[in-house]
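Down below are the structures I want you to see.
Below are two complexes that have subunit A in common, paired first with subunit B and then with subunit C.
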Partner chain A sequence: MSLAADRWPAYAEREAAVRKPAGGTLVVWRVELMKLAGKILVRGMTVLAVIGPFMVVEFLNLQSATPGDTPFGQWVHTSGFAIPMTILGFGAQWILPAITAVVAGDIYSADDHFGTWKTILTRSRSRGELFAGKFLAAVTFAVFMLLLLTVTDLIAGLLPGREPVVGLGGQLVPAGHATWLVLASYLSDLPPLLGFTALAVLLSVASRNSVVGIGGTVAIAVLFQIVTLANMPEWGQQALLSTPFMAWHGFWTAPAFYGPFLWGLVTCGAWFAVCGLAAWLVFRRRTIGAAS
Partner chain B sequence: MPLLRFVVVTGLTSAVEVRGITKWFGETTALDAVDLTVGPGEVHGLLGPNGAGKTTLLSAMFGLVLPDEGTLRLFGRSRAEAGAAWLDGVAGFVETPRFYPYLNGRRNLAVLAGLDGEDAASLIDDALERVGLAGPAARRKVRGYSLGMRQRLGLAAAMLRRPRLLILDEPANGMDPVGIRDLRAALRRAARDGVTVILSSHDMAQIEEICDSATILSAGRVVAAGRLDALRAAAPDPVWRMRTSDDTKALAIAAPLDTVKAASHDGGGMVVHAAQDEMDGYVLSLAAAGIAVRGLELDRTPLEALFFQLTAAQTAKAAKLPEPGAPAEVTP
Partner chain C sequence: MRTARTTVLAAAAAALALLATGCSNSSNLTPGRLQASLGSTFANLYMLQQSEMGNPPVRTASLHSDASCQKGGTVTVPQEGSGVWLCEITYLPAGPQYPVIAKYNVDVQTDGCYAADGDGPASVNGSPTITGPGYKQIINPLSLIDGCFDTT
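For the complex of A and B:
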């Protein structure tokens, strides 16, 4: 290998005026998505999100018993709509936080781990643009995975059949309405998912450690789930970030009620704002380098 | 002349202007009221022992380290005034260039070009070729790169930005002799074309060969700064290694001379402290006395002598007083 020294000047000759950064946050967002696409774990999770629901359906078909302790579990052999709702009821409180934590809990601390902050912070992008672009990428991944799971869970569930399903109020929900309710139920988990995304970002930024960013988020999600089982006052339950994951229960009763969902929006918004702001304040004045 | 054109276009008298920068890491003073001025198109060397503050100063120029006191201007603008555009036209790296190990070399440059925007991506192939990383090397994951290859990739990443200010921290680390030779030539060429270069190095010969001026840091303070010829003029006498046909007699001839200090060397031969002219006279006097000079080489250049003289206190302190609990490397 040889450094072609005599060919450097071409760059200097072309340097004339100060270049202006274009669309800072979106530029960083695009770059972060490019990096995510190169990660084996992210690719693996995407593949798993596509084939996983079909594996669950196969597994349920092999079982004579039904997961009766989960909402809709007892109807998995009679209605395809029960399958995505069973998956959502069983795993939302910890699977969704874990999915978003894999990216959000790592997207900042990975640069600490690899020592690449000093590489990307020397490219005419402000800390604010880098922070916002990475945050947006983490949110994008969370939204993408939720939408992907929504579609694949629904398709996997409906392949066996589109029979009406029994709602949580005991009423029979026709197929057309059930489709919308499944979609609405999955999308109602978006606010708490984004709340956990912001929490994972905060842990990632503050700890500079991906194990803490990812593992800490999952641990907090499990802790919230355990605390939910305790006899807490109602305001305490409503303040937990995991409670809004169950807000969709109200969609499936007759008549439907939306209070928990609306209250969940407030709770998740508060978690999202506080964690996001705290992460930015920590990130803003951090010293980059070995002595930090 | 590219340099002249640059000066006319910008109308600037300094590319980098540092005034009174101070930075503390806990109780450790990494930089202590540092002043530094580097003119456009100048190649400036930054010298100092480990922990002197070189990397902290370079990090501050990139905005990686926020000074506690003082001001820093690049091309006449402070960071507060210029915002994110402060680093436009500025490229380089501090410490070893770091990249994403799970991406290959080309992909890493694509990531950085994405951040740079505009047509930086179109320069990737060219930059890889220029640093000798084109072909299979560019398709290898960076986790498999040697230190020298990462340095080359760091230079390629700098090229994508078409710098007018190049800041390099020990760029020759891990490079083979051919790479070092080419790097020196590349920096000289860049400087001829108006690129301002700030170069931190432990390699005194590299600094003497390619720099116009230098700053010597010790324990976070500037202990000497100026053009190299001025620094040489202020330096102590150079140090020579000498072997003669009769060292004992040669030492005796040097003894009464005020301007030549000679002593035996543990490894054989003699060590002589003398300015060039005085050394010439001494060698002639040895010849007149029938003593043959069998070997004569410059052991320590004037700049090296100055460096060791000015940084001896910090070096001795570091050797005697390791600070428990302090960062392993004071400068980030």
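For the complex of A and C:
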């Protein structure tokens, strides 16, 4: 059987609009979350996000040398607040895109791999509801992992001590304010993380291949990280999706500056919208089940 | 599939255009921004160093710290952008009212963050540790300075 791109989905969407406008998306979202919760890789990453930060702290405690080439690195033995910030400064640009790519880069192409599009598209959910539900599930996973890492990194850092930490303006930041700055810094990585989620979704949809969806996203993240090392005009630097991962630097100076963060919101919003829209356009017009 | 290809092509074209213009435009990583940031960061850390050594408190304003930075190499090197800068910070310590000059090798990243490595005088920023009250060895905050400035 072949589902032509134009006829069937339009009919199904009209039906869905008459019955329940948003309910279908939520049903797909719940099913996708259930599927995610059962995946070994997702479970493994969740466990790693919980115990990983404590392993990093143990590793740092075992040696007297400090990771001096990362901001806050030289203070990891002096203040607990330096530990989550060292982890963020070291890994945000490639760990976070990799985490979201594992789910977002696979959530559409897995159905290509298993040949299950025909099955799920002949249920009572429209193409739009399926797309939105899967997208929402990928976003949910990204947000969940970032919040989890925020909490575990902060707790792992604070176990050794709550001494004031030296900020990036040379000022001493007291414990209370430092806690807020750590939380704000981690949350400021949410916009670029969602940008990479949309990018992984686009690759997953367009390529129908999880290797491209996951590996391509990680490769692009690494490529961006290398490109940011080159001297570029400021707008070029700010247009890259990996630059906003480092916008939190400004939170820690004295006085603080928020220009890169605000630019990052615009950049990430644009990437998110363009990649999400492109993914939907490809997905909507696709003929599923035809001989390839 | 055609839409996807168009999208990818458009993105690649945009990236290329971006890189092409990249070589000609001027940078926001200017000596002025670096000097302002390094000068005030040094003042804050000098205050911290003095208090950790158990010396009388210093006010950052009375230090009058002033940074002056040049990009290394030949005279033709453009004075902007990432790379290694050589900075001298002039300040007035408490007591004798003659200026002291602290030198730093500053590695400036493209995102406006820098790592300034102390290059003398040895008693100020040369040693990675300092001796606090009770002969306790602590990190010398002036030995390696991490700082950032706004590039937008």
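Going forward, the second predicted complex is superposed on the first by the 268 of 292 C-alpha atoms of A that agree within 3 Å, B and C clash if a C-alpha of one lies under 4 Å from a C-alpha of the other, contacts with A are read in each partner's own complex, and residues count from 1 in each chain.
Basically, a residue touches a chain if its C-beta (ideal position, glycine included) is under 8 Å from a C-beta of that chain, and two chains touch if they have at least 3 such contacts.
The structure presented is a predicted model; accordingly, all values stated were derived computationally and were not measured.
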{"item": "Touched partner set for A:233, first subunit B, second subunit C, both or neither", "value": "second"}
{"item": "Which superposed partner A:115 touches (first subunit B, second subunit C, both, neither)", "value": "first"}
{"item": "Touched partner set for A:243, first subunit B, second subunit C, both or neither", "value": "second"}
{"item": "Contacts of A:65 with subunit B and subunit C, given as first, second, both or neither", "value": "neither"}
{"item": "Which superposed partner A:252 touches (first subunit B, second subunit C, both, neither)", "value": "second"}
{"item": "First (subunit B), second (subunit C), both or neither touched by A:288", "value": "first"}
{"item": "Subunit A positions touched by subunit B in one structure and by subunit C in the second", "value": "285"}
{"item": "Subunit A residues touching subunit C - in the complex, by the definition given at the top", "value": "68-69, 71-75, 78, 166, 168-172, 202, 205-207, 227-234, 236-239, 243, 246, 249-250, 252-254, 257, 259-260, 262-263, 274, 278, 281-282, 285-286"}
{"item": "Subunit A-touching residues of subunit C, taken from the complex the two chains share", "value": "1, 3-4, 7-8, 18-19, 21-22, 25-29, 37, 40-45, 48, 81-82, 109-113, 115, 139, 141, 144-152"}
{"item": "Of subunit A, residues touching subunit B in the complex", "value": "1-9, 11-16, 18-22, 24, 27-28, 30-31, 34-35, 38-40, 114-126, 129, 285, 287-292"}
{"item": "Partner subunit A, residues of subunit B touching it in the complex", "value": "2, 9, 25, 28, 30, 55-56, 59, 62-66, 83-95, 97-103, 107, 110-112, 114-118, 129-133, 137, 149, 152, 155, 157, 159, 161-164, 178-179, 182-183, 185-186, 189-190, 192-195, 327-332"}
